[in-house]
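Down below is the structure, laid out as structure tokens.
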Amino acid sequence: MTDALFTGLSALALYAGWRVFRVDSMVRASFWLMISFIAVGGIGILLSAPYIGVATVFMMAVEMTVMVIFMVMFMMNPAGLNPMMMVHQHRFSIGAGVVAFAGMTAATLLTDLPSNPVAAGKAVVHDLGIELLGDSMLIFETAGVTLLATMVAAVVLSARTGRFGDAVEGSVPPGLEPGGTPAGRVPEKSGGHHHGSHGDGRSDHAHHHEGHDHDGGGHDHAGDKEKHA
Amino acid sequence: MAVGGTPVFVAAGGGILGAVEALRLEPALTPVATPRAAQVLLVVGEQRPSDRIALARIHAQLVEPRATVWWRTDRLSGFDLGTRAPESVSDAAAFISAQATQSDAEAILLDDAPPNPWEGIGPHGQGGKGMMGGTPYGRPMAMTSDDLRDGLSLDAYTATFGPYLTQWPPGLIMETTLQGDVIQSARIVEAPLAQDVLAATPHLELARLLRLLELPALAERLVRAALANPSRAATGLARAVRWTGVLSAIPAGLGRDERGGDVRSRMAGRLHALAAGRPAEPAAPGDVAAMLAGLEWHEAALVLASFSIDDLRRAIVSPAVRMAKDAA
Amino acid sequence: METLLTVLVLTGIFVALVLAAYRASGPRCSPWPQRLPFLGGGEADTHAWQRYHVRFYTMTLVFIAFEMEMMFMYPWAVVFVEEGLKALAEMGMFLAILSLGILYGWREGIFRWQ
Amino acid sequence: MSLAAFPFLAFFLTLGAVLAVVLDAVARSALAGAPAGRYLAGPLRQAAMRLSGQLVTTEAPDRANWRLAPGWYGALAAAGLAVVPFDEGLALVQLPTSIVLWGAVEALVVVVVFLHGWSPNAPFPLIGAYRYVATGLPVMLPSMFVLIGAALPARSLDVLAIVESQREMWNVVRQPLGLLLLLIVGLSLTLRGPMDYADSADLAGGSSAEDSGPARAMWQAARLAMLVAFSAMAATVFLGGYLGPLLPGPLWLALKTALVLVLMVAATHLLPRMPVSRMVTFLWVVLLPVSFLHLLAAGLVAL
């Protein structure tokens, strides 16, 4: 029975993963990917990892929702009203796929995998908690700092509103004295390449053009500047 | 309004809103907000001849078998469907409810054709071309334009809304451009229609706001009080409405009128009027279309409902009147 | 395994119920005028599907980071009583770090409609 | 797994939904000052009419997702209710992490409601769908804090253990704030009253504005099923579930579920709904810090 479920879920994961690239709608593509992950989460439960398995479903539902929001926002023809090809660079991707498949298969088949079945009724979640508060505490706290950095970066890159007002004019800090030159470093005018509109993944034209005018500022400055670079 | 009555979509015209509120209370009927949920299209009050097409669209959107009933109004010319209900409220309710099961199915008045030809056109037969071109499934796709708020130029969705949106004043037609749920620009095509005296009582004005704040039961209580005696001071009722926290649910500074009042202060004014048993003070909305630009859809609906229909009508010069003025 | 089977069976039951309800329904084809989306009598220029201008996108990114962190808290909750103050202190520190992110976001005004 | 729980689950879903319909109608007409009506026969008649009605489509919908959304929603309600023990050891799903499974159900509800609003390709449902994502995502944070708080004294993520940990004292006494926060989450999960951002009145019914006939009936039924599942879950986590003297366990759970239902129905009709931007700010700036404090208090009490 477990074998049948494992096979079924694996097949579902593969089928859903394949559908991701065959449907026209961004919404459908994202949620097919979610179904694929849910199947993997189910396999996690089968493998006596009840926490990781269920948490995968939980996280992927949330993440795919957010992905849908951004995909629909920035992709042309998000609902696939005009059918389109989701796959680019066919030859390269076929090659990469074959190589990756061969490599992973080889790794799986050639490795002497340990057989270490988890005893039924072992308190895996409890052990995970002890691990987080014991040896892995540093890793755990580092994850906290990393996630903080993620949050700050996300806000810096995508928020329009800033603490001094809208990003286009307000992200320049006020002068040290009324009417004085803006505090902080002044962006150097250099002909270097620009970041920004690539970095934050926006496909919108107005920002792209602005990028040429404000060139170069992005490197030296606090994130506020990047917003309109 | 009973939960289990015959679902009715009310297409309200002019001079009728108070009577409609009385009809909504009939247990035989359940007024619904969309024709997809309705069995009967109830056309009430004075109708503009120009709204015939809009009415035909609503009629087509009804679930089959369609039935149309006219109440306290004459059939529009070119809309020769349906029957007339008796004048009195309770007779009308029974009549309408009976129509839902008795009437033969009515035919749709509009042509059965997509807005643009598409079938079999294009590489996949869906009527489109390329990524964004053509008219896939009969309609073009939205195109990008600039945004008021955050500078991201994403797709703009332009449509005419009204005149039969139940959450708006009856008769109001606006051509609205949205990006997401934020109104980019609004152009008023037709002003709301003038309504009866009962519709201008603070009870009914508050009831319209409360429905938008998802408090329909309390709104019905206000309607019942208004039908019993609109000029009696309803202090307890005003307090009950206040205690739900409606005022703090509305953002401060929303929809500033020419006297500096906002939705919250106008609603508070209505509550005072309700408690004192007098009509609410009139307000001067100024340029309504400009006021709605930049607002989220729900906020915009609240702004519209926070003015009395007379205030809105005074502020909106209907295009026909404007043209007459220009000519003079 | 039982969990998976149960969830699968329950899902099957509900999907079957809904499909059965559609099967029993009245006429199914809609003529073109009936298909027009409801706009209170008005008509739209374009399809409603669009590059939808979301007004809370920054909030969703912060949310994902926060959600990720919350996932650490489930195993923590299991051993909390056992480990006592140590667990409280560690999680307090962790949450304090992440609260900085929320505070920063709030200060930058991301929890509003952009 | 105990299969004996299945009839209980079916009973709870059907009888609970009927009770919810009646409570809703009674509360509504009482608050409206309306004369007594047919609180059960009326809604049932309407549902029967809908079920035999026409299934209208729009110009170019995502048909599969639109039609299946009510089924997914109902399935999520059932899966959520499956982790609730009806008596000692009598839960359909017995998993050491069943409280996380409930969390996954909450997350998937956001997906399903979004799909329901996205699929008709019409403006009002579309706006409703996005609004729901805006509030449905952040409201999950208080929910997680509250459920983790309830897991602290139980030292387990298993709902069965959480019930057993309440033998001495119900969680609502230890963590009074938690029930309040969880009710807000429940209003959002079931699209009701102050948290009804998907099917709002200002959007003519929002995500269900284009639903007709059986699709509308099934969506409303699924909402009721979710309401029952949530109420049973809240009663289990905060009111001691099946625990109680004299009466049999399932009956206790039913009584407590009914109590939560009453609270939910009252909140639906008595609290206003803010515009969505205000609610998003409220969720992050007020509710999230409150949940922090709640967890801190719950932790100190548990030690």
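So that you can tell them apart, the chains are marked A, B, C and D in the order they are listed, and the count of residues begins at 1 in each.
Methods note: contacts are C-beta pairs under 8 Å (C-beta built on N, C-alpha and C of every residue); 3 or more make two chains touch, one makes a residue touch a chain.
This structure is a prediction, so every number in the text was calculated from the model and none was measured.
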Pair joined by more contacting C-beta pairs (B-D or A-B): B-D
Subunit B and subunit C: spacing of chain centres that average the CA atoms, whole Å: 31
Rounded Å distance between subunit A and subunit B, as computed from the means of their C-alpha atoms: 42
Between subunit C and subunit D, centroid-to-centroid distance (C-alpha), Å: 14
Contacts with two or more other chains, residues of subunit B listed in rising order: 34, 36, 61, 64, 114, 136-139, 141, 144, 149-150, 152, 154, 157, 159, 165-166, 180-181, 296
For subunit A, residues that touch 2 or more chains besides their own: 45, 50-51, 55, 58-59, 62, 66, 69, 73, 76, 79, 81, 125, 160
Interface hub residues of subunit C, defined as touching at least two other chains: 3, 5, 26-27, 32, 34, 36, 38-40, 44, 47-55, 60, 63, 66-67, 74, 77-80, 102, 105, 112-114
Overall pattern in which the protein chains touch one another (line/ring/star/complete/other): complete
Subunit B residues within the subunit A interface of the complex: 122, 124, 126, 128-134, 136-137, 141, 144, 146, 149-154
Residue ranges of subunit B touching subunit C (in the complex, touch as defined): 11, 34-36, 51, 54-58, 60-62, 64, 108, 110-115, 136-144, 147, 149-150, 152, 154-166, 168, 173, 179-182, 296
Touching residues on subunit A, where the partner in the complex is subunit D: 25, 27-28, 31, 34, 45, 50-51, 54-55, 57-59, 61-62, 64-66, 68-69, 79, 81, 123-125
Subunit A residues within the subunit C interface of the complex: 1-2, 5, 9, 42, 45-46, 50-51, 55, 58-59, 62-63, 66, 69-70, 72-76, 78-79, 81, 125-126, 128-130, 132-133, 137, 140-141, 143-145, 147-148, 150-152, 154-155, 158-163
Complex contact set, residues of subunit B against subunit D: 1-5, 7, 25, 27, 30, 32-34, 36-37, 39, 61, 63-64, 114, 136-139, 157, 159, 165-167, 178, 180-181, 210-218, 220-221, 224, 244-246, 249-251, 254, 296-299, 301-302
